[in-house]
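The next part holds the structures, each set out as structure tokens.
The two complexes that follow have subunit A in common; it is paired with subunit B in the first and with subunit C in the second.
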Partner chain A sequence: MRSAIRLATVIYAVLIYGFIFLPVVTLVLFSFQATSFPIPPFSGPSLRWYQAVLGDTRLTSALLNSLLVAVISSAVATLLGFLAAWGFARFRLPASALMRGLITLPLTVSYLIIGMGLLVLFNSIGFPKSLSAAGIGHVVINLPLCFAILYSQMGEHQANIERAARDLGAKEWQVLTLVTAPMLWPALFASFFLSMTFSWDEFVISFLLTRFETTLPVEIWNLLRSGLNPKTNAVGSLVFLVSIAFVLLFELVFFRKSRS
Partner chain B sequence: MTQSANASGGAVPWVAVGPALLWTLAFFAAPFIAMALVSVTVKGGGFSLANYQQFFTDPSYYRALFNSLEVTALVTVISILLAYPFAWILAEQIPERWQRLALILAILPFWTSYVVRSYSWLLVLAEKGVVNNTLVQLGLISEPIQLANTRFATVTGFVHFFVMLLTLTIFANLKQLSPSYRKAAADLGAGPVRTFLHIILPLTLPGIMVGAFLTFVLATGDYITPQILGGNNELLMPQLIMLQIGRRGDFPLASALSILLMLVVTVAYLACARWLKIERA
Partner chain C sequence: MTPLVQVKSVSQKFGTMCALDDVSLDIAPRSYTVLLGPSGSGKTTLLSILGGFLVPTSGQVLIEGHDCTGMPPAKRPTTTVFQDYALFPHMTVGANVGFGLRMRGVAAAERDKRAQEVLKLVGLPEAFGKKPHQLSGGQRQRVALARALVVEPSVLLLDEPLGALDLKLRRQMQEELKAIQKRVGTAFVHVTHDQEEAMALADHCVVMSNGRIEDEGPAERVYSKPASRFSATFMGESTIFPGRVIGSGEIETVFGRWQLASDAKPGSEIVLALRPEHVVIDQKQLLPLGEARVSDVVFQGSFKRVTASLAKDESLTLLARLPADAAVQAGDMVHFACDPKHVLVLTR
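Let's turn to the complex of A and B:
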């Protein structure tokens, strides 16, 4: 009986792992396909589709655009989230709960609707479709997240250290930059990192708000119109690699921290 | 909640919270108001409720909302049924020191790009793709069967993503349970099945509800998965919205549909609200 349960457990786990990995393995395997269709039989390994990706200036410039939008929008979201979290945690403000609710509200609205709203607004005031427009949208989706993370980390013991710094003559901005920010750096890093991954992967807002210059997910979407193509596999595998690198970096930084 | 810190700091707190508030008002609240205003006009005309009227009277429009709800319900139920035993295996059956690795592996494909993930399923489910190829080779079918561009494909793509997400939330929930609950139940004479039904399941219900709500919000609002995997045979709500912008540039109708979709999600949020409190640590 015990070993039967054990066996069933192992089979179930293997099946689910298989289901989870099936598309990823297929994607990466056929990115090394030598012929023009990413379907069985496998005819590789060949690096021709990776060469095709790196030689495609539309894709490489879209990749740089994506990184640029991700870094700038995440920095803005983290900064605004940090300031707001500090303000709400350290001072008694009227209607504080209502304002905090407003800042976290975008978390419950889908990206499609946030993108649609910005499209309608920008269209009516004549703000052109651009990378900046998409970046503004990315701050909207990431600000609530950064705020929630940082607000949850503002504890009483930090407030005491801040008070000590003030007693010793530090000005508010000095307290923030020299005392509060260094104490909260893991939470700041986590906010920035999470925002980066969401912005890097975001499609629909960028799709609605950019036109000529666009981000990588939108450019990959354009590639999909040509049907199944090993080049899409290659660029998809590269994006996966970059994301894994992000995650590993995150793991390393936090693993080290939790050990020390 | 608010600490005993400075009760009032003059202008300082407003300088701190102001930018985030203004950003949210300008780029979240204002767009929403703009969308609401535009939704009660017709393209190139004045005030009109024609867009909402069209949605409720034209079957091809309200059908999209039903399709979305049906697909989401299917996805949520299947994902929970698949993820719960998997999370349980990870949390209870795997030795402690391998758990971290097992969990990281289980959610690794989570990090593939979202557009690429759907494309990968298209590769797997295509007419001459991996699944059809394998089935033909094994002699189980003689001709490839249509898997891509169906509701089945959309549901598969969604379930893949949400199994990973729900495994995470349920795993976290199971790990928080104290082993003494199980011991106490056993001491009082409950078997494994009764312990599960009366102790473990109710205690992990909040984790399941959080996961189910996330599934609901993310699946009803997603355009990519149904568009790439389901195709245009059967439209879901986000596809219908994008169709109004892409081909016709009909912002008023697209706005009305977006607001209706948001209302549906809000109702679901209110229904789950008691399990979804964001608390300060």
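Let's turn to the complex of A and C:
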């Protein structure tokens, strides 16, 4: 009886993990396909399609664009989120709860709506479709997240530490740069890297707001329109690899910090 | 001697709540002042006003003769040791202690030298390169003290600095605080709700309740001759019982008519208090308190803490501190007595 239960739990676990990871494993596996179609039987391993990806300037420049948009938009979102969180946590503002609600509201709005809204807005003010436009879109979706993470870390204890700095003669900008920001370093780092991962993966807003120069997810979509091809698997695997690198880096820094 | 700090009719209101009600207080240079009171008595509010973290609703604060009422903390000649220490977690102990000097533009080498000196003063010379999380509670407390002292403030404010420490460490730190204060000569203002701590430390003890100063003076005087019923009950234990003044020098109590001086008018109802260490047994030549049934005996090492209810009036509980070898047990009927000169007559 007991062994039957154990067997059932093992099967259940295998099914669950299979459900989650099988698509990714298939994608990565067939990126090493030697022949022209990413379908069984597996004919590799071969790096032929990776070579094709790295030789395709459209894809490599899209990859660089994606990184650029991710880094800059995440930095801006983290900075703005930090300042907003500090303002709400340290000063008595009118209708503070309502304003905090409004600032986190974009978390619940679909990216499609945000993207379309920005598209209409940018059209009417004459702001061209571009990487900058997509970057602004990414700031809009990531700012609420950064705000929520950072606001949760600014408690009364942190406020007292800031008070101590002021008491010892620090000016307001010195309190922010020498005490508040370094003290919240793990949370700032978490906000930045989460924003990076979201921006890196984001498709709808980039699709709507870019034209000639575009980000990698949009370029992959373009590639898919011409049919299945192990090249899409290869570029997908690269995207996945970068995402994993972000997560590992994040865990390494954040959890090492929080343990100490 | 002109006072170092003058608090003049300061009131602080939070909405409709009155945290401080017309408080005036002088603090002498080189003195150790303790603000003592239960939570909600306004002691921490008063400390925040001295430190500049709160601007009072009305009244004035003068430090070294200058009006500091609305001056921000950074500009005042005061520093604060916070209850939760509020050390900078990302800096080393040396950088924590040197922070105030850094803000004053002192060069790094000089800063480190002075930080080392102050760390030696508080007994932590080896902690310079450590991070705050590597230190124990008592050590963090010392770092917080060093950080506040290194900028040589005129007044050092301590907000329940020993509250988070265990009893043994607290008593040890008390002695050290007092010794450090004597050595540096800075005026200390220390907030606590622990009356033993207050008595051990204070040159000047300020008892607070409900936003007012109930009593102030040398700790010994506040204990032995409390000005009010509140300060008698808060500073140590006592048996409290009502009395009525029936003529000059005579007071009617549940124990009988006593010859006691008081400035209250004849006919007025007053309160009397008796410290437990002044209650004795089997000494009939003193003022008799009558028979009482012992309800509880707690052996505390150097003495026995005895509670007994009076035979004449069972609602009155008598509190006594008897010698450790006194042969009393719960349930015994015992004759208690006291010396009339130790009875405290409290008119408010």
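Convention: the second predicted complex is superposed on the first by the 257 of 260 C-alpha atoms of A that agree within 3 Å, B and C clash if a C-alpha of one lies under 4 Å from a C-alpha of the other, contacts with A are read in each partner's own complex, and residues count from 1 in each chain.
To be clear about the criterion, a residue touches a chain if its C-beta (ideal position, glycine included) is under 8 Å from a C-beta of that chain, and two chains touch if they have at least 3 such contacts.
Given the structure is predicted, the values throughout are model-derived calculations rather than measurements.
Once the complexes are laid over each other on subunit A, subunit B and subunit C both fit without any clash. For the combined arrangement built by superposing the two complexes, subunit A sits at the apex of an angle of 100 degrees to subunit B and subunit C, based on C-alpha centres and given in steps of 10. Of the two partner chains placed by the overlay, only subunit B lies in contact with A:120; subunit C stays clear of it. Shared-chain residue A:135: touches no atom of subunit B or subunit C. Of the two partner chains placed by the overlay, only subunit C lies in contact with A:165; subunit B stays clear of it.
By the touch criterion stated above, A:185 is placed in contact with subunit C alone, subunit B being left untouched.
Which of subunit B and subunit C touches more residues of subunit A: that partner is B. Of the two partner chains placed around the shared chain by superposition, subunit C is the only one that A:174 touches, whereas subunit B remains out of contact. The gap separating subunit B from subunit C at its narrowest, counted between C-alpha atoms of the superposed chains, is 7 angstrom.
Comparing the two complexes, residues 163 of subunit A contact subunit B in one case and subunit C in the other. Interface residues of subunit B facing subunit A in the complex, by the touch rule stated above, are 2-3, 5-9, 12-17, 19-21, 23-25, 27-32, 34-35, 38, 82, 85-86, 89-90, 93, 104-106, 108-109, 111-117, 119-124, 126, 128-130, 133, 160, 163-164, 217-218, 220-224, 228, 238, 241-242, 245, 251, 254-255, 258, 261-262, 265-266, 269, 278, 280-281.
Every residue of subunit A that touches subunit C in the complex is listed here, in rising order: 157, 160-161, 163-171, 174, 179, 182-183, 185, 260. Here subunit A touches subunit B in the complex through residues 9, 12-13, 16-17, 19-24, 26-27, 30, 37-40, 80-81, 83-84, 86-93, 96, 99, 102-106, 108-114, 116-121, 123-124, 136-137, 139-140, 143, 147-148, 151-153, 156, 159, 163, 172, 197, 201, 203-204, 208, 216-217, 220-221, 224, 228, 232-233, 235-236, 239-240, 243-244, 246-247, 251, going by the rule given at the top. Contact residues of subunit C toward subunit A in the complex are 51-53, 72-74, 78-80, 82, 84, 86-91, 99-100, 103-104, 133, 147-148, 151.
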